[in-house]
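In what follows, subunit A forms one complex with subunit B and a second complex with subunit C.
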Partner chain A sequence: MKATRQKKFYGVLLAPTLIFLGIFLLLPLIQLLILSFQQVDNFFEVIDGYTFSHYIEVLTTPVYLKTIWQTLFVAVITTVICLVLAYPAAYLLVRSPKRWRAFFYILLVSPLLTSVVIRTFAWIILLAQNGLVNDVLMKTSIIDEPLDMLWNMNAVIIAYVQVMLPFAVLPIATAMSDIKGNLRSASMILGSNRISTFFRVTLPLTIPGMISGAMIVFSLAAGSYITPLLVGGRMQPLLPLSIYQQIMQVYNLPLAAAMAFTLMVLVFLVIAVLGYILKKWEVRVNG
Partner chain B sequence: MGNKGTRWLDSLIWIAGIAVYLFLTIPVLVIILSAFSPTDYPQFPPTDFSVRWFTEVFQSEQWMQSLWSSTLVMIIVTPLTVLLGTMSSYALARLSFPGKGLIQSFIMSPLMIPQVVLGVALLYLFSSLGLFGSTLGLIIGHIVICFPYVVRTVSVSITNLDSRLELASMNLGSTPWQTFYRVTLPLIKPGIIAGAVFAAVTSFGEISVSLFVSTPETITIPVRTFGYIDQTFDPSVNAIAVIFIALSVIALVIIEKTIGLSKVM
Partner chain C sequence: MSGIKLEGISLDYGNHFALKEVELEIKQGEFFSLLGPSGCGKSTLLNIIAGFLGQTTGVVYIGDQDVTNIPPYKRNLGMVFQNYALFPHLSVRDNVAYGLKNKKMSKQDIKQKVDESLALVQLESYATRMPHQLSGGQQQRVAIARALAIEPNVLLLDEPLSNLDAKLRKEMQFELRRIQKSVGITTVLVTHDQEEALSLSDRIGILGDGVLQQVGEPLEVYRRPANRFVAEFIGQVNIFDAVLSEGTVYETTAGFKLEAERHESGKQPNRVRFMLRPERIFVEQHVSGEDTANRVKAVVKESSYIGNAIRIRTEAGGIELAVHAPDPMFPVLPAPGQELVLSWKKEDIIYLEVLDHESN
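Take a look at the complex of A and B:
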């Protein structure tokens, strides 16, 4: 009796969320999926009948194929750079004295609380022709002519790394602080030096943190369009930008929908693979 | 013996780590520098001090209207998201049923779904429902985006909660609702407050979905900022940026005082 009453109560608590997300998350995605198979006339108006042609266009046209590769490439590069930079940052966070730790946490969490538009804007001020970096370099006579640092893929990757780095640092730091100090001491007592202790003890135990960080960074880097629009310009071959343009300028909604689903499937595939590796690794480490 | 090598390695890691934190901080410093600079592009070292961009923002009708839109949306989105998020994280923590993992992934999925896809999907849904460009549309979009953040912070609090306290309450004759209201709710309050702060800040800064579903009448601050950067480069954006940074500092303080910054992820 009591148990069923409790269950009912929990069900009542859960129901509004499921209804809300059903209507405003699941339904729009299903609608978008249907749209991606719909035929269009010459003015991109949706007409009766279903077709694979949008997916064929996305997956066979050289321009779009290049865009897909470039999207994955940029996301992978961003993820790798983030992980490499995250490691020393996480190390400092975990091993530093308490007062410093709070300071590092503030530096890490505050970007998560600042709008991505604002953070990207700062990179424009920094990298523009008459921006801060060129200003300093010219004044110190290191260069004579301002460098072109904005409106290319490098600018996109720099801004991405800065925007997404905290997502990589925080899980690695959590994994690192979970390692018991005596594991490392044991390794050192048994004759390993610090470098081999790092590779045999610390690194394997922080791999799960790295993988969870990589999942978030990769999906953010593959799916953002605001940062590339602002620092990379409209012409960069990135899938989220192509989707934005199809919607806002070309008005070919079904093609945009097909691109959106291609993007989403690619992101989910990568996340699934990373998740699989994570599971295997945890089994291997924890038995 | 091995000490020398160790010390060398230690300093190297520290230098690398501090460089990374500097890299993270640069944009904030740059924004503050340029917001108080009298020239269109800031100079380093700064030549002069001025608050003209702040004056311009507060005298501009467009900025004030956007500030109002953003604030209105945030004020409505935050309590609704907190309500939905708290109810569902609590229910999911206490229920076990087949397919629970699937439901959990589903309610956290807005974090993983590419934001451009969410934006397009909601744009299309709202067009068919006649909600395109409405404040209601913005509110709905923001709730979907902010929802996982609330679930995450509230779940942390629920995991730390001793469920025997609830059992004791129910054994003493309380109904599930009384137990939730009198025992659970006060104990998970820190997580709820932190979730509310996250929801508010995320809503106020949201752009990826807002850009797709807003029209000139419902333009929020981030969307207007985007427009100014993209098209006209109005330096008063600098002042807006400082307002955002000030907000995030307030949010930081509240999160630290409730669940602690180390529990954010």
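Take a look at the complex of A and C:
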């Protein structure tokens, strides 16, 4: 009796969020889904009748296939770099003295507090042909010609990593601080030195954190369009940019909708696989 | 397998000493308990033996090797932790094999050793389980098997039973003693549970405020505590400060008389602190006669029943006396206000501290 009343109360607490998401996320998505099946005339005006042709176009045109492939590839690379860089940062966060921890947390999330435009301009200033990095490298005679660091995929990945790093650090730090301190002691007394202890205890026990981080970073990296637009240029073969072009320049909204849904399904698939691994692992370790 | 020798171990945290000049020799094959209240330094001392903490001064020998500068992973010790510290991502078998894999043993040897170790703790059929599928007692046994599998020089137990419920704790104590005897390994147990220390150990070291207060066999530390701290920490105790009246008869501050045996120095000290264990006091319910030495009238203040005994708080001459009477003594619990006569033998009056040697 009491339990059901409590459940009802939880329902009341959730209601505002659910209503909001229903109106502003679910309904538009349904509209978009319908749109992606609608036929267009020669001027890309929506006309009566439904068709699979937009999906067939996305999945058979070589340019779009290459774009899909590139999008996933960049997202994977970004995820891997983020995880590798996040690990030491998470370690520092967890091991730092309590009074420093808040400071490190703020430092860590500071990229998220900056507007994407400002952040991206900073990268342009740093990476441009006459930018700071090239200047320093030239002045110190490490290179003779300025490096091409902007308006390409590398720039996109660098900018992604910067802004998405906190999403990788936080879950790893959480998983790390959940490891009981005497597991490391137990490992050491059983003859493992610090490095062996890291690979046999710390690393495996932070797998859930890494998977959670990977899910967030991957889906963000696969779906962003402002960052690649600003530091990569609009010609980069990335699906979000193609969608942007279809909407803003070609005005083929149903094709854009089909691309958007293709991207969404691909991201969902990756997340589902990662989620399945995470679930498996947690059942194994925690029951 | 080896013994342990601690020479002048101190740990100085600048503003206070966690350990002060600890001298201790633990014999090979001995079951030794470090007993003390929380914060007394017993876990600190264990962590120094294990190598997780470095002492400020002093030397730790394991066997005849000075291990002061040897890291924990090279000391070849077995250790069991309070919350078991099983690796949650590894099966029981892989937990037990963990230390063996560091020893460059063949797969077959590892398997055999794991089976042996699990047999020792009677968990052969649990090898494929994950730690979360085991009860607390079973997890603790796996932890013991894991610690012993590497054939360590010494077994260190850091409050291993304190997370178990009372009944299971008793079983595991018995089990621990059985395993320790069958392996014959030098064992150091850290505990705050005096009963556990008394029932398991060959010898006990009582730590208080970072100082090793007394080292001795269970009987010795309970019956002949070295000082007031030890007396009060192990079991309940009545303590009297008394002044010599004549011969070996003393008068307590409460006004009743105690007769003790001759002091071991041959000369009776003038002022003495005595102790008397509550279970050494006889209770008579029929009040008669006058107070004499070692016999005093008392009034019940409160009594409680603990099954095999009745604990009575009494008041005699303005001070409180704790008495433990055997269960069959009272058909009903003595009521507050009831008068009793308490008496004891003079050999149960123990000299705890000499406060003043000068005789008048």
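Heads up, the rule we're going with is that the second predicted complex is superposed on the first by the 264 of 287 C-alpha atoms of A that agree within 3 Å, B and C clash if a C-alpha of one lies under 4 Å from a C-alpha of the other, contacts with A are read in each partner's own complex, and residues count from 1 in each chain.
In the analysis below, a contact is a pair of C-beta atoms (placed from the backbone, for glycine too) under 8 Å apart; a residue touches a chain by one contact, two chains touch by 3 or more.
In this text the structure is predicted, and so the values were computed from the model without any measurement.
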A:92 touches, of subunit B and subunit C: first, second, both or neither? first
Subunit B versus subunit C as contact partner of A:216, first or second or both or neither: first
Which superposed partner A:162 touches (first subunit B, second subunit C, both, neither): first
First (subunit B), second (subunit C), both or neither touched by A:193: both
Greater residue coverage of subunit A in the superposed arrangement, subunit B or subunit C: B
Partner chain(s) touched by A:245 [first = subunit B, second = subunit C, both, neither]: neither
Which superposed partner A:38 touches (first subunit B, second subunit C, both, neither): neither
First (subunit B), second (subunit C), both or neither touched by A:130: first
Subunit B and subunit C footprints on subunit A, overlapping residues: 193
Residues on subunit B engaged by subunit A in the complex (per definition of touch): 2, 5-6, 9, 13-14, 16-18, 20-21, 23-28, 30-31, 33-34, 41-44, 84-85, 87-88, 90-92, 94-95, 103, 106-107, 109-117, 120-125, 128, 140-141, 143-144, 147, 170, 175-177, 180, 198, 201, 204-208, 211-212, 222, 225-226, 229-230, 237, 240-241, 244-245, 247-249, 251-252, 255-256, 261-262, 264-265
Contacting residues of subunit C [partner subunit A, same complex]: 50, 52, 71-79, 81-83, 85-89, 98-99, 102-103, 130, 132-133, 146-147, 150, 156
Complex interface listing, subunit A residues touching subunit C: 180, 182-183, 185-193, 196, 200-201, 204-205, 281, 284-287
Complex interface listing, subunit A residues touching subunit B: 2, 5-7, 9-11, 13-14, 16-18, 20-21, 24-29, 31-32, 35, 85-86, 88-89, 91-92, 102, 104-126, 128, 130-132, 135-136, 162, 165-167, 170-171, 174, 193-195, 215-216, 219-220, 222-226, 229-230, 240, 243-244, 247, 253, 256-257, 260-261, 263-264, 267-268, 271
